[in-house]
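Naming follows writing order (A, B, C and D), and every chain is counted from residue 1.
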Amino acid sequence: MTQLHGGVVPPVCTPLTSQRDLDVPSLERLTAHLLDAGVHGLFVTGSTGEVAYLPDQLRQRALEVVAGVAAGQVPVLAGIIDTTTPRVLEHARAAKALGADALVATAPFYAPTHPSEFPGHFRAIRAAVDLPLLAYDIPASVGSKLPVEVVVELAEDGTLAGLKDSSGDLDGLRAVLERTDRAVFHCYSGSETLADLGLFLGAHGLVPGIGNLDPHGYVRLYHAATRGDWDAARAEQLRLRKLFQLIHVGDGRMGRYSSAIGAFKEGLAALGVIANPVTSEPMIPLDDTERAAVRAHLAEAGLL
Amino acid sequence: MTQLHGGVVPPVCTPLTSQRDLDVPSLERLTAHLLDAGVHGLFVTGSTGEVAYLPDQLRQRALEVVAGVAAGQVPVLAGIIDTTTPRVLEHARAAKALGADALVATAPFYAPTHPSEFPGHFRAIRAAVDLPLLAYDIPASVGSKLPVEVVVELAEDGTLAGLKDSSGDLDGLRAVLERTDRAVFHCYSGSETLADLGLFLGAHGLVPGIGNLDPHGYVRLYHAATRGDWDAARAEQLRLRKLFQLIHVGDGRMGRYSSAIGAFKEGLAALGVIANPVTSEPMIPLDDTERAAVRAHLAEAGLL
Amino acid sequence: MTQLHGGVVPPVCTPLTSQRDLDVPSLERLTAHLLDAGVHGLFVTGSTGEVAYLPDQLRQRALEVVAGVAAGQVPVLAGIIDTTTPRVLEHARAAKALGADALVATAPFYAPTHPSEFPGHFRAIRAAVDLPLLAYDIPASVGSKLPVEVVVELAEDGTLAGLKDSSGDLDGLRAVLERTDRAVFHCYSGSETLADLGLFLGAHGLVPGIGNLDPHGYVRLYHAATRGDWDAARAEQLRLRKLFQLIHVGDGRMGRYSSAIGAFKEGLAALGVIANPVTSEPMIPLDDTERAAVRAHLAEAGLL
Amino acid sequence: MTQLHGGVVPPVCTPLTSQRDLDVPSLERLTAHLLDAGVHGLFVTGSTGEVAYLPDQLRQRALEVVAGVAAGQVPVLAGIIDTTTPRVLEHARAAKALGADALVATAPFYAPTHPSEFPGHFRAIRAAVDLPLLAYDIPASVGSKLPVEVVVELAEDGTLAGLKDSSGDLDGLRAVLERTDRAVFHCYSGSETLADLGLFLGAHGLVPGIGNLDPHGYVRLYHAATRGDWDAARAEQLRLRKLFQLIHVGDGRMGRYSSAIGAFKEGLAALGVIANPVTSEPMIPLDDTERAAVRAHLAEAGLL
């Protein structure tokens, strides 16, 4: 098992065939593309990986493929995203069997769950499957924020090995960092556009969706921050913020998520990394104008 | 296949063993208990049925058991609750194979989905599985409200056969009722406490969680409304509102949902319908004081 | 002082001149128009009266004019809408001096205020000014819902004489009605489109914005409900729901409120009641197409 | 008129007498206390100044007192906080007459206002009163976020001279900073706990409520950031974060705002700056235990 050590851990896109099966060769190429750029880990079946759209078998196969290519070079984190404990446990067991090095679980969703019930959820996962467990704080998807108190309590008793923070609440992230032992509890920022701030606050790593397209940029940003060169980190971040505007190509005609995932996949196809930019149902696919706009963004960023 | 015809359609609780397997004899007794009271349908694997907690096999077995006992006497509606289209389709296919008479699907959740993407979701389900499809509007769980326009559009093109409205938005329900053909499009109110208002507005039926405990009450309320005796309907509703207070027995010590589901199951155990009031993880179980409070509520309502 | 006794209490629009001063003759005609229709009270400087836009002097003059025309025939309720207690007290004192028969105050807003602080707010108003005080529950404007517990506590100790419920929460309204003494505590529904439901639940009166345009309709609805003729009440409500669609004439080009207030005033101008449909800054005025659409709605409703 | 030039601009508390009149000598001492610490401006009648509680005359007198003590040494910004344009204009005119160097206005509140109506609001203020105008983005109080597009548009056409950002949305602040001319458009962060991040992003200044108690700390933080010494800035911020915990002394017994304002005023009284820690109605006052806790926090921070 490969240990977590912070750094850049992109949430790997899930390439699909035109029939919406897993496109295995494309996923292999994407994994290699990320490893070649020097990323420090891989996060499979996260939100960017369309986890909420993937049937169980497809999720499992995606993890298997990425773990196979990674082959222990970097840790592979598996998102075990489902509504509540009993369903999450099934994903956790499958992920361990397929080679995950760590698990990433959200608070329960759909079923209204009180913060007093969150500890039981994470403890049940940790007890059932012996892998490092990260809490995934993503209120926009699950409808509730993980309170700082809960994260700290579960860090202190060893339930949680870390936090992936996609809450946008930098004050909360800072509070967790202040109150946990950074030698054993690892925090990852899920922000593409404020990644430098996360590192400034002491976060160990980054999980940027657009890192699929420009992993080198985030690796540079991370290294600049690590050596305390904040001007370089900020300059790299500003460049990446500009590139990130490509997520808006479909605005007005579809939801933000369809636009963003569509743009990531279109970009990966334009770069020759994946074969097909198809996204899951019911996302609205980009049209030709929007696809051209994605390529223009990549060209402007010097990636194409 | 048994046709939907409105009326009282309780969302059937899912009895569990102490090991949290499906308690089949208890579920058979619960189904018979509801049928004996004259309910007009059964809604399996809904929110009250702890659907978000049940692994796929448990969901399927619950549907199979209820459909077996119902044996065509009343229609069995199956909740096919999952994050997005491809995952929901798997539940839809399984439900049809196991004897569901109709399917009930929410808008996508977890993955941020724009209303412009909702029609594609429901159309894909309807196209894949030939059963009447009801939209389940439950913003508290899925984070978005089904717009009236979307429901009407999908009613008009035959995608949807009905609506289960748990939004609490009676204005929206009324607008849907005004704009759809009540001979072919059926609306069900998911409210326990304003069920009379739903019927006053013209809703075809009711899906009351506490109908597990007092199905006779809701059947009486429904029949009073059907014959236009609003005073009787309102009086029955006031009685049921009082009983419904039992959902608060755990307030302050746990979430509202844990308290409500715990109270329903405790009540069913007290009535001798199910063997064990156990609920799914990570719900906090009722303690002895809270359990006694549930029984006191039932006694006061003359049910015990 | 004229006593509150339920019934139809329209929130009176505030006619303005082209210079956005109070248009006194128009307000006098509007008041007479409402009284002629048999309304049971008048609510001045409410949300429909653009209270949030009116400088103090304009608010005071509007109250003075309406109270003058009403001349004790029906009670005049004055909205004393401001951010928190000390500012609200100033409006309360002025309103009493100008002839208000009752006061209507919201929970504090802008300053984040906890429900534990609401009782002190209403008690301070009641202690300072000896007029019946109604709580105005309008979470869409103030950002917080008045809890049922708080309303009941303040009804029981005599602080509040009633509730104007614009929360849309019929369950909460029903709970207040169940738990207060209807002989002394009066509830008004602020809904235009579910007014019949409010009366069905036992509310004493209605405060419908579009009652400015069609007071006869709401008076008919109220009388039908009072005599228990729910079919007639519902039929009238359906007609009024259709008329209410005119609030959407500006949708897409402006906010909902600008569209609604603009439509009410345009309609009053079309009916010859007020001279000028001008609304306050920064509301966007209706354009010619939208104004024509308002008149078409009135014509279809047989009002023009 | 004294020009804005960034830096530390505390939102000045408003000391009250036991009768809740303005305590002029205390406000004079508080102003001097802040000037002595080297602050770069003073923000009167902001949220921390209890603006939402202050009657017009009290607001005006507070501005007059602070402007008198400041006497042109630093710019005095006046919050002109009210529901919508016509009411805000009255505050704007009064503030100019009383010596304000700049005005700070929020988006309209209470009256539901669409973003398309925000530009008209700010343009009307700017047109009516010739003072630099800052937009105050405080969604927690007004219920809507100022969109980046709107701020940029109003910066470009000269309506706005700056932004006070209390939204907590650092991504939005960064976007505004990227798209405006920093020589003429000034951004202030309203965060006490992420002030270093705001400066890291390029914000010109800070408006920290707890700067009333420890202005030296924020001045040090600001100077460290200005010279690019991020380690020193971060260390100072960590110290101030710890001090800021005193806002929680009343948690559980009152709202967060009552607790925070109560703590600031108790602290100022403990420091001998103001005579009386009284806060406005209906805020719940701190009890003796909570007051002692505030003093313990100050002692721990070396301020007492």
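Just a few scattered comments:
Just so it is clear, contacts are C-beta pairs under 8 Å (C-beta built on N, C-alpha and C of every residue); 3 or more make two chains touch, one makes a residue touch a chain.
Since we're looking at a predicted model, the values are computed, not measured.
Averaging Cα atoms per chain gives one point for each, and the point farthest from that of chain C is the centre of A. Look at where the CA atoms of chain A average out and do the same for chain D: the two points lie 37 Å apart.
In whole angstrom, the spacing between the mean C-alpha positions of chain A and chain C is 50. Counting partners per residue, chain C has no residue that reaches two or more other chains.
Under the stated contact rule, the graph of chain-to-chain touches is a ring, a single cycle where every chain has exactly two partners. Residues of chain D touching chain A in their complex: 168-171, 174, 178, 191, 193-194, 197, 200-201, 230, 234, 238, 241. Taken together, the chain C residues at the contact with chain D in this complex read 20, 47, 50, 52-55, 58, 81, 83-87, 90, 108-114, 116-121, 124, 140-143, 253-258, 280-284.
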